[in-house]
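Two complexes are shown next, each including chain A; its partner changes from chain B in the first to chain C in the second.
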Partner chain A sequence: MKQRLFTAAAFLAAFAFLALVLAAPLPLMERSDEALYAQVMPRQLTADGQSTQARSIDFARQLYDRDQLLGIKNYAGALLQMTDQEALGDAPDRLYDFLRQMDFWSEEEQAELERQIANADHWRSASDSVGFSAWNLNTTQDWEQCSSLQWEMSAEGQLVRMLMRNSREYTGQDLEHLMDEYLAVTGLDVLDDWQVLDVLIQPYVTEGNTSELRARYSPGAKLYLYANYVNGMLVFGVCPLEQEELAQLDVSLPEQ
Partner chain B sequence: MKLAPKLVLTILLLLGVLLAAGGGWLTKTDFERNFDQARTQNTLAHRRDTYSLQNGLLAKVNDGMLSSQAVVDYGESLGRYVGQQQGGFAVYQNGEALYSSLPGTLGQEAAQRAIDAGEEALLLQKAGQDSYMMMASEVQAAGEEYWLVSAYDVTGVFQAREAKFRELFRLELAALALAGAAAALAVSWMIRPLKKLEKASQAVAAGDYTLSTATKSRDEVGALSRSFDAMTATVRDKVDQMEDTILRQKQFVSAFTHELKTPMTSILGYSDLLRSGEMDPEDQRQAVQYIHREALRLETLSGKLMQLMGLVEQEELTLEPVRLALVLRDTAASLPELAPMLEIQCDPALTVLADRDLLADLVRNLVINAARAQPKDGRVHITAGRTEEGIVLRVADRGRGIPEADLPHITEPFYMVDKSRARAQNGSGMGLALCARIARLHGSELRFTSRLGQGTVVELNLREGTV
Partner chain C sequence: MKRNHWLLAVALPLLLLAGCGAKEPDPGAEAPTPTPAIQIEKPQSQVLHSTDSRSYYTQNTRYDLETMTARDWRPELPRGYQMTAEGPVSDGQALYFVLTRPGESSSKALGRVPLEGGEVQILYECGEHEQIGIAYTDGAGEYYKRPILLRSGERRCFLVNRWGEEEEDSTWLYAWDSASGTCEPVKRLGGHVRFWGEYQGRAVLRDSWEPEAGLFQLDAETGEMTVLLSSENAETSQFVLGPALLIRENFICVGSIFAQNPDGKERVYCLDLETGAVRQLASSDDGYLLVRVQDIWDGKLRVRGSEGYESELWYVDCSTGQKVKGMLADESGTPMHIRAQIGEYYLIDVESERWTKQLWINDQGEPVNSWVNQRGLALIAKEDYWAGRPDYQIFKWEGEQVP
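Let's look at the complex of A and B:
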C-alpha cells in the first residue's frame, strides 16, 4: 500500500515536472522577444550582392535594386502610355542634357537627333516605381525611312539605354570611346573592375552594312555595359546582370 | 518503487525533456526563419517605397510643384498604391510629420526612434497586441531632406510561433501518452523473466530448489536467469549431498551405537553373573572368557575407528617408491596364523608409489576377509602385475562370495554382510571402510567382483614407482 502510494506520488511529480519542462519554452520566448524589441537590428537582403564601391554610386545601386531586388524587369506591369508632344514635357531636354555632357556627339549628330524627335509622329512611354522612364517614338530620316528612337532614363536624369539610327558609320574604336564617355558621365567609371568582354554573338547583317559589338562587365556592380552598331542602328547602355546570367550570353570574360 | 514504474518514469522524463528541447528548438528555428523572411521582405518593400517617394518628389520638383501639401498628396496616393492594411508609413521633415498613415498605437516616439536608428537599421515595436517592424530612410529632393518611416505589421510572425508552440505542445502530450503506454507494455514484457526469477527466489527461500526460470532470451536478464538456474542446481546438489551426509552420519552413529551396545550388553550380563557369586568355576571361567573377548572386540573397534577417523581427516599421503614384495612380506609376517593359506605371486622388482604401512594394513584386511570367507581350497591368492593402467594388486579367494545387493555397501563403516558370523569372527565392520579410504589416499579405488559360492576378487590399481 505504502509502495503504491509512493509510486502514485512519483508519477504525479513526474507529470508536474513534464508539464513544466514542456512549457519551459514560453518564458524563454518571452525573454527572447524582450531582447528583440530592445535591440536595433540591421536590415536584411538575401540578394544584396553588390560590392560596397558599387553601392556607393546611386545610379549603380538603383539599377541593381530595380532589377535584382525589386524584380522590376522591362517595365512588366507598368502602364504603357500613348502621349503627345505636350505631354512629352522635358523628357527630350533631359536627354539632350545628358548627351551634351559626353564628349562624343558631333553637332550634326545632335541636330539629327533633335530633328528626329521634332518630327516624331507619335510617342509611347512607360515608367516604373523606382522612377525610371522609357520612351519610344516613331520617326523618319532624310530618306523618309520609318525608324524607331528609344531611350530610357533614371529619375535623376541618367541615361540607361538608347537606340537610334544615324547616318554616321561607327567603328569599334568609336564604340570604345562612346563607352568611356558614358561611364564618365554616369559616374560608373569609379568602378575599378570593368572587364572587356569578347562578344561572340553574330547578328544578322545586311549586305553593304557593318557590325561592331563591344561590351564590358563589372563583377562588383553586376552591371553589363554594351555599345553595338549593327545595320546602321546604334544601341548602347547599361543593364544589371548576374554572373550566371552573363554566362548564358554568348560572351566570355578574358582569361585572368 | 518497483522496477517497471521506475523504468516507465525514466523513459517518460527523458522523452519529455527531449521533446521539450526539440519542440523548443523547432519553434525557435521556425520563428527565426519566418522573422528573417519578414525582415527581408519588409526591407525590400521599404526600399521600393523609398524609391517611389523619391521618384514622386523628384517629379514634383521637375514640375515645380514641390510643397508640403504636395508631399501629403503624394503620401496619400502612395498609401493607396501600397496599401495600409499591413502597417503604414509616414513622411517626416525636420522632426515633423508631413504625412502619416502609421497606426495610431505606434505614436510619434516610435517613428522618431526609427529615424534616430539610421538608414541601415531596423526596429521592432510593440503597439498594443500588435508588433511592427520599423525602418526609416532619407529622401532628398530639391535640396530638402525628408524621412520615410515605414511600419510593417509582423504580428502574424509571432502569432504563427504561438500557434506552432500550441500545436507542438499538444503533439508532445499525445506523444508522451503514447510513449508511456508503449513503454509500460514493453517494460512489462521485458521484466517478465525478472518476475519469474523473483518467484523462483521466493521458492528457493522457502526450500524448494526444483523451480527453474528457463528463460530463453539472450540478454543480460536471460544470462542472469540461467546463472540463477545453475546456482539453484548447485545448491540443490549440495543440499542433497548434505542430506546424504547427514543420513550417513545418522546411520554411522546408529551402527556404532549398535556395535557398542552388543559387546557392552554381554560384558554387563556376564559381569552381573560374576558379581552374584553363584556360578561354578567352569561357568565363571567362560564368563570371564566372554567378557575378555567382547572387550577385545571393543578395543579392536575403537582402534579401527580411531584409525579411520585419522585417515578421514588426512587429505593426502606422502607416497614413496616401495617394493611391493616387501609390503606383501610384511603382511604375511603380521598374520602368522594365516601365512600357510597365502599364495603370493609377485615380481620382486615391482615397485609402487605407496605408504608402506598403510598399504600393508590394506592387504592385511583384505587377506583376513578372504580367509574368513572360508575358501574351498583353503588358499588366499595374492597376485601383482603390470597392466596398461599401472600395477594391479589382486586378492582373491574361492570362498562363499558376497551377494550382489551387498556389494555397493560393503565399504561403508559397520556394514556386515552376515552380522552374527562377522561378530563371531571378531569382525568390526570397519575393515573394508578402512581399505577403501587407504585406496583413495593412494589415488585408487577398490574393485570387487564376487559370485556367491565361487569366491571374491578384490583389485587395486597402484602407480608404478622407481627406486
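Let's look at the complex of A and C:
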C-alpha cells in the first residue's frame, strides 16, 4: 500500500515539475509580446507618415494606420465571411446615420437602399482589429437582376466605401457634389491639399450604360477620394495610397 | 526501496523532458532521396536557350542554379527603349533579348548585355517593316517566346523577317561578330521562315509561304539549309505540311484539327527521325474532342485534351505510344509543369509561399489591393520527376530566410 502511494507521489511530482517548467516562461513571453506590440506603431509610422494636419483628423489617421499596420486599403474585392441575418445588428442604422448627414442623399435613394437591405438574401461581412467592418449583401432587384450592395465603415461610424445600384443616373457634377459632401461629413475637408486627378481609366461599359469617374488626392494625408458611376452602379469612398502607388494606377496628378 | 522511489521521482521528469521534441523514427517512412550536388554540363547546341550552365532567365528574374536563389534582373536600357514580353537567351557569356522603342512607328531591336552586367549593346535595330525572329525556343511549355539566336563560333546569328509593299516578304539570316562588332546579313533564307524546333543541335525551319518545300535544318556556321524532311514522301508529308509542329530531340509531332478530318476527330502523330517509325500518340478517343501537342521532354510528349470546360494534361511515350504513369503530379493528378531542362534536371513550377500585393483598379474604378501567389520555381532531377518523387529544391528569393 505504502509502495503504491510512493509510486503515485512520484508520478504527481513528475507532472507538477513538468507543469512548472513549461509554465515558467509564460509571464516573460507575455511581457515580451506587450513590448513588441508597443513598438509596432512608432516603428512603422515615423519613417514616412502623414502630415501633422492629417494626423489630427481621426478618420484620416485610422485609414492610414490600418494600411500600414494590417496592409488593408479597403475590402473591395475581398472575400468576406458568410454570416447570418442576426449578425447584421445595427450596421444598416449606422450606414443610414452617416448618409443622412450628407446633403446629397435623397429620400428616394434612402428608400431604395432600405428596400435592398430588407430584400437581401445573402450576407457576408469582415472586420479587423482596427475596428473597421465591411458588409456585402446580395440583393434581387425588381427586374430580377441580382446585384450586390456593399459598404464599409470605421469603428466611429465613418463610411469608408459604398457600392450600390439604383435607378438614378449620376452626372459628373453629381459626383463632385457627392465628394464635397463626403469630405464635409467625415471631417476630411479640413485637409487643404486635395487635388483633382485626371482619371484615365476607361472601364468596360455595357450597351446603354455610361461611366463617370471622379477622383481627388491629398498628398499630405495620402488619401485617394473617388466617386464613380459605372454601368448603373454608384461607388464612392476613400482609400489610403502612397504617391508611388498612385503612380502605378491610371490616374495622374495635375502638372505643377 | 524508499531511495528508489525518490530516484524515480527525479528521473521521471527528466525522462519526460528528454522525450519532448524527440521524434520516434518511423521505420515505415522512406528517407527522401538526397538531391545530388548540382553539376550541369550543357551540351553545345547552335540554338541558344533560356538556360546556361549556371542560370535560368525569365524576362525579369535570374534563377541561379549554384546558390538556388532568384533575384530581379533588370538591366539599364538605352534611353527610349523598353524590354518586350519576350525572355532572354544566354550563351554563357551574355544575354540576348528583344527591345522595343515605343512611338509612332515603334521599332524592335536586338540587345545584348554581359552576364556580369554592364552596358546594354544594341546589336541590330529593325527598320520600319522588320521584326526580330522569336519562338518558343525552350519548348512550347515555356511562358515566353525568346529571340532565335544561333551560335556560330564567335558569331551570333539571328533571323530578321522583312515585309513591305514594294519589297517581297523575306526572312534573312544576320550575323553579329563579337570580334569585329559588326552585324551583317548572311543570306536570304526564304519568304517567311519560321522556327519549329531543333534537331541534332540545329534549328529546324519551314517557309510558311512554301511549306511543300520541306523542313530544313539550318547550319548557322555556313548558313546552309539542308532538307530534313521532304513533302514528297507520302508517309511523312503530314509532318511537313501539318498546321503546327513540335520538333524536339528525335521526334516530330503534329496534330490534325477536327475540322480537317471527315470523322470530326483530332489526332496526334509522331515521327521518330532515328527509326522512321510513325505512331499515333493521342486522339479524340482519349476522352476529349480537342487534343493538342504541348511539349516533349526526354521522349515523352505532353498532350492537352479539352472539351467544354473540362481539360486534362497527360504524357505519352513517343517511342511506345503508351501513356506515362507515375510522374510527379499535383493533388489533382495534373503533371507538374516543366518549363525548361538543364542537363539531368528539369525546372518545374511549384506552389509558393511567396505572396505579393498587387494594386489595381477594379471594374468600378476603385483602387483595390489583392494578394497574389507568386508561383515558385524548383529544380528536380529528371529521374525523380518521372518516378513521382517530390525531391525538388525550390529557388529562394535573395534575402529570403531559408527555413
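Everything below uses one rule, namely that the second predicted complex is superposed on the first by the 196 of 256 C-alpha atoms of A that agree within 3 Å, B and C clash if a C-alpha of one lies under 4 Å from a C-alpha of the other, contacts with A are read in each partner's own complex, and residues count from 1 in each chain.
By our rule, a contact is a pair of C-beta atoms (placed from the backbone, for glycine too) under 8 Å apart; a residue touches a chain by one contact, two chains touch by 3 or more.
Quick caveat, the model's predicted, so the values are computed rather than measured.
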After the superposition on A, what does A:M233 contact: first (chain B), second (chain C), both or neither? second
Give one of first, second, both or neither to describe whether A:D90 is in contact with chain B, with chain C, with both, or with none. first
First (chain B), second (chain C), both or neither touched by A:M102: neither
Applying the document's definition of touch, where does A:Q248 land relative to chain B and chain C: first, second, both, or neither? second
Considering each complex separately, which residues of chain A are in contact with chain B in the first and with chain C in the second? 3, 6-7, 10-11, 14, 17-18, 21
Chain B partner contacts - residues on chain A that touch it in the complex: 3, 6-7, 10-11, 14, 17-18, 21-26, 28-29, 32-33, 36-37, 39-46, 62, 65-66, 69-70, 89-90, 129-131, 155-156
State the interface residues of chain C toward chain A in the complex, per the touch definition above. 1-2, 5-6, 8-9, 12-13, 16-17, 357, 359-370
Which of the residues in chain A end up touching chain C in this complex? 3, 6-7, 9-11, 13-14, 17-18, 21, 71-74, 76-77, 161, 163, 199, 201, 203-204, 211, 213, 224, 226, 228, 230-231, 233, 235, 237, 239, 241, 245, 248-250
For chain B, which residues count as touching chain A in their complex? 1-2, 5, 9, 12-13, 16-17, 19-20, 23-24, 27-28, 31, 36, 39-40, 43-44, 46-48, 51-52, 54-55, 58-59, 62, 117, 120-126, 131, 135, 158, 161, 165, 169, 172-173, 176
